[in-house]
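Presented sequentially are two complexes of subunit A, the first with subunit B as partner and the second with subunit C.
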Partner chain A sequence: MNKHNLLLQNIPDFVAHLQTYGEVHAPCQKGENSFSFEQVTDPSRVVLDYARTLQSIRKYFLPPTERLLNFSLTDNTFTKVAIENNHRIFLGVHSYDMKAVLKLDFNFSHRTPEINYLKRRENCTFIGVSYEPDDYHFSRSVGITVENTEGFDLFLDRHENGYTVQVLTERGTEITKDFTALGEALEIPEISRQFKNKIKFNYNRLPEVMEQSWNSPVWEEVAQRCVGCGTCNLVCPTCYCFNMVDNVDLKLTDGSRDRHWDGCLLSSFAAVAGGENFREKLASRQRHRIYRKFKYITDKTGDPWCVGCGRCTAYCTAGISIVEIVNRLSDEFEQTHLRKSSAPVGQKIQGVSL
Partner chain B sequence: MNILTKHEHTPLELYYPEMAEITAVNQFTELEKWFEIKLPDGKELGHQPGQFALFSIFGIGEAAISICSAPTKKGAFDICVRKVGMLTEKMHQLEVGQKIGVRGPFGTGFPVNDFKGKDILIIGGGIGIVPLRSLINHVIAYREDFGRIIILYGAKNPDELLFPDELENWDNDPSIEYHVTVDQGTPEWQGNTGVITTLIPGLDLDLDNTIAAIVGPPIMYKFVLMALKSKRLPEDNIYMSLERRMKCGVGKCGHCQINDSYVCLDGPVYQFSDIKNLPEAI
Partner chain C sequence: MSTQTAPKTKPQIAFFDFTSCEGCQLNKLNLENHLLEILEHVDIVEFREAMDDKADAYDIAFIEGSISTPSCVERIHDIRRRAKILVALGSCAVTGGINAMKNLQPIEDVRETVYGKDKYLFPTLPAMPVSAIVKVDYEIHGCPMSIPEFLVVFKALVMGKQPIKPDSPVCVECKLRENECLYDRGMVCLGPITLSGCDAICPSFGQFCTGCRGLVPDANKNAMLDILTDHGLSLQEAEKRLLLFNSYKQPDTFK
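Right, the complex of A and B next:
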């Protein structure tokens, strides 16, 4: 593997160099302490030292709203919508957000591969960057180190005066070979960055914990504080549920069928016409969210569907912490099941056991 | 690596409907209307009994609705729609010759090949009879492939019974054991009154050779399952179809999920043993 050195002062030039290969999208400062992936026009606005962006790069592949088709009410016909797939270079992606994209790849290619998502995922180059874990990050607990390079073409590992650039793919070689400001990699001892925020059990034990947590009082306690706003779904880089809605223009002649992000925490999510709501209680919706991250897909793939970015906790309007929920359930599991010799297995539909 | 070539199957355009034509309508009740629908160029929908499709009207939206004709019907298929929301209200206004968007078929159907040689016990409550009609018409079309055909149908009152002509045919057909009950009778009603479970204790079933197919409102399943349990019908012989909110129909949008199961992919027809450990199922 090739390694180079990139000095801090050369970053704007490096960004400008990347722009000759395609659109560059990188974290830019929005508010005092908030960052957002934006298309870079001014290389000096790129910020590579940041804790987290409000939205992950999921928004490029599964946009918050997306037009699925255009229709005409006048003649009851529709036209298809072209899916854009410009060449994009994502600079400054954290390892957990890259991992989240790889998880979404699974969701959108598994069983029924969807052209909308997969076409947008074409022609992408990913350049990772290391970060200093803050109070919310817990990626290590779900198997993703800061320095995890999976999915990246290049990875920039921060040191005192700049970055060690790891070239990981042919594409990585292609976009760096003509950039003359890269120096010889420095001899720097490898450091593994530490996380203060931790899940107490190894993640591969969490499906077992969840298996026993269906009736835990924790769900009701969380529901007491939760306001059901769905922010946790909106900022989660692995949430991909959506709604489909027809929107009609003001002339009432044309319109579009659009999809937009939806959230399993919202009360209407599992409601059907006629009044039945299959997940009416907030407690059952919180439980569904946590099971989606640590049990359902994990049972099938072996991987947790949470990447430890900390967004759902950092942005929660009610101060609910996903790590705290999982640790409380783990404590309960430890107390009630690990100290008994025979733990009950499985859940039964209440009232019916044939 | 190119993400598009990484996949086993070609990525698909999943959300474009086919514009199908309504070729016949029949208003069964104030709330329920039957439609016959024809795909363009005489194309067959290619469904299995129990499967559903997504139907849409531009400007209103899309909803999942069961197909209620058997695949033996060629050149067109049937649906029966209860007016419960904006889309179904608009659908009720559609007339012969008008077009409607169709995507599908989706989901699992009843495994009718595995049912061959078995006695078929069909239990439908309310509009649950609609998806079951597809199975009923299939087993009638291949009558010699099956043992007894027992149909139990329950409705709130006699005015809500659907497919009136066919009910009469089932009743008159000596090869079908048809039992109907209503929760509340009328002065003219001469049949059974009471909930559908009252029809179960009197059945004399060959337990190992009987398949039960159940569709009805959520509340019905629990009581029917308990009644079948008292009969000692093996749980592997029980199939049921579940309803959930659906948007995409292809296992992406998340709305229809029951625990880790997507109703649009793994259902709507489930073998009871597949869902008995899913606490969200019923």
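Right, the complex of A and C next:
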């Protein structure tokens, strides 16, 4: 594996260099205090030091709203909308968002392949970047370190004056080989970044915790504070549920079938014809959300379907924390299903001279 | 209908206003780009703000404004009898709107403040949504009513289909547009429990949601009050914000 050094002052040139290989999409300032992945026109707008973007890069592969087909009511025909898949370079992706894309790849290629998604996933180059975990990140607890390079072609690891560039694939070599401003990699001791926010159990124990938590009072307590706005679903990089709507034009002769993101926290998500709603209560919808991340797909794949980005918590106006929910369920599980140890761990250690 | 083979007639539609600012009707005249297309499908037979004609019966009657006087009650019954489909247009007609804030004070005080010594000439009632008096078939929310939603309902009715009724909150539309949350800009916003369908137009331009479209079904008002107070409002101020467009819904159910 090749390593290079990239100085901070050379980043705009690096971005401009990347633009010769395809569209570059990178985090840019959005609003007053937020960031968003946007197509880069001005390399100086790229921000590589950021906590998280409002939406992950899933929005490129599963757009918030998407026209699937156009139809004609006069002759009862339809045509599919062509999917564009230009060469795109995603610069400044955090390891958890990359992992989320790999999870969506599984969801959309498994059993019935989702053609539009898979088509958009072609011709993509991913350049990762390290980050300093804030109060909301907890990726380490779901097995993803800051420096995890899975899925990336290049990875930029921050040091004092710039980045150590790891070249991970042939594509990575191709897009860096002619960039002359890359220097020789510095000798920097490896640092493992620490997370303040943590799930108390190892993630491989969570399906077991969830198994025992169906009737937990935690769901109702969370529901008391929740307004059911669906934000946690809509900002989640591994959520992929959608709804479809047919729209007609004002001439009433032509129309389109459109798909848009949906969320299981929304009241009518599980409503069906005939007026039945399988998850009418907020408590059952909260439980469903958590089970979707730590039980249902986890039972099948062995992996949690949460990547620890912290968006659902950071953007919840009611301040509901997914880590807090999981930890409370774990506490409850510990108290009711695990053998109580005779003394707390701390006291045992006191007996040993430290 | 004549007994002869009549040419296919267009649905006859009419617009009526009750206690309101008439802004929703004006908003329809603002549909300039679409007006001619709309008239391809329907005949407007009564529309006080735009024409003088009157008609006896309507396929679709659009109602703007809240019901707030005894004569309103009489008139809305009359319109309902003559209309096959009745659609409430805009906040006042759908939820009572800001007019219903008067319900929070004794009705006689309100009457005296507005009409002074002549108050006995003007009988008044608590402001009510149209649905409090007659059956309403469809509702178009917003202050003023949302044009895209009007078009969705209009097209569905002309095609003889059920319009899709939005029931998710404004937050959903903000997230789909990747708006920065206004709470992250130090504002408080009613988006989390306000019915969507406006394409989050206010938050998208930096204005917090005041809740003009009314509450989502089964809104968790207590949780919303907690959010507002956690973000710096007093409980009193938080309740006032929630009541601005939602006074008709029994204010004493708020905490």
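Heads up, the rule we're going with is that the second predicted complex is superposed on the first by the 339 of 354 C-alpha atoms of A that agree within 3 Å, B and C clash if a C-alpha of one lies under 4 Å from a C-alpha of the other, contacts with A are read in each partner's own complex, and residues count from 1 in each chain.
In this section, contacts are C-beta pairs under 8 Å (C-beta built on N, C-alpha and C of every residue); 3 or more make two chains touch, one makes a residue touch a chain.
All of these numbers come straight from a predicted model, not from anything done at the bench.
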{"item": "Touched partner set for A:F195, first subunit B, second subunit C, both or neither", "value": "neither"}
{"item": "Partner chain in contact with A:W305 - subunit B first, subunit C second, else both or neither", "value": "neither"}
{"item": "First (subunit B), second (subunit C), both or neither touched by A:Y96", "value": "neither"}
{"item": "Subunit B versus subunit C as contact partner of A:K119, first or second or both or neither", "value": "first"}
{"item": "Contact breadth on subunit A, by residue count: subunit C or subunit B", "value": "B"}
{"item": "Contacts of A:V245 with subunit B and subunit C, given as first, second, both or neither", "value": "both"}
{"item": "Contacts of A:F152 with subunit B and subunit C, given as first, second, both or neither", "value": "neither"}
{"item": "Partner chain in contact with A:Y315 - subunit B first, subunit C second, else both or neither", "value": "second"}
{"item": "Touching both subunit C and subunit B, counted on subunit A across the two superposed complexes", "value": "245, 248"}
{"item": "Complex interface listing, subunit A residues touching subunit C", "value": "30-34, 36, 54-55, 59, 64-65, 223-231, 234-235, 245, 247-248, 250-252, 260-261, 263, 266-268, 282, 315, 317-319"}
{"item": "Contacting residues of subunit C [partner subunit A, same complex]", "value": "34, 37-38, 40-41, 151-152, 155, 158-159, 164, 167-169, 171-172, 175-181, 183-185, 191-193, 216-220, 222-224, 226-227, 230-231"}
{"item": "Sites on subunit A touched by subunit B in the complex", "value": "68-69, 71-73, 76-78, 80, 105, 107-116, 118-119, 121-122, 124, 214, 240-246, 248, 255, 257, 259, 262, 264, 269-274, 276, 278-279, 284, 288, 291, 295-297, 299-300, 346-354"}
{"item": "Sites on subunit B touched by subunit A in the complex", "value": "2-4, 6-7, 9-17, 19, 56, 58-63, 82, 84-85, 87-88, 98-99, 101, 218, 222, 225-226, 228-229, 235, 238, 243-245, 247-248, 250-255, 257-260, 265, 272, 275-282"}
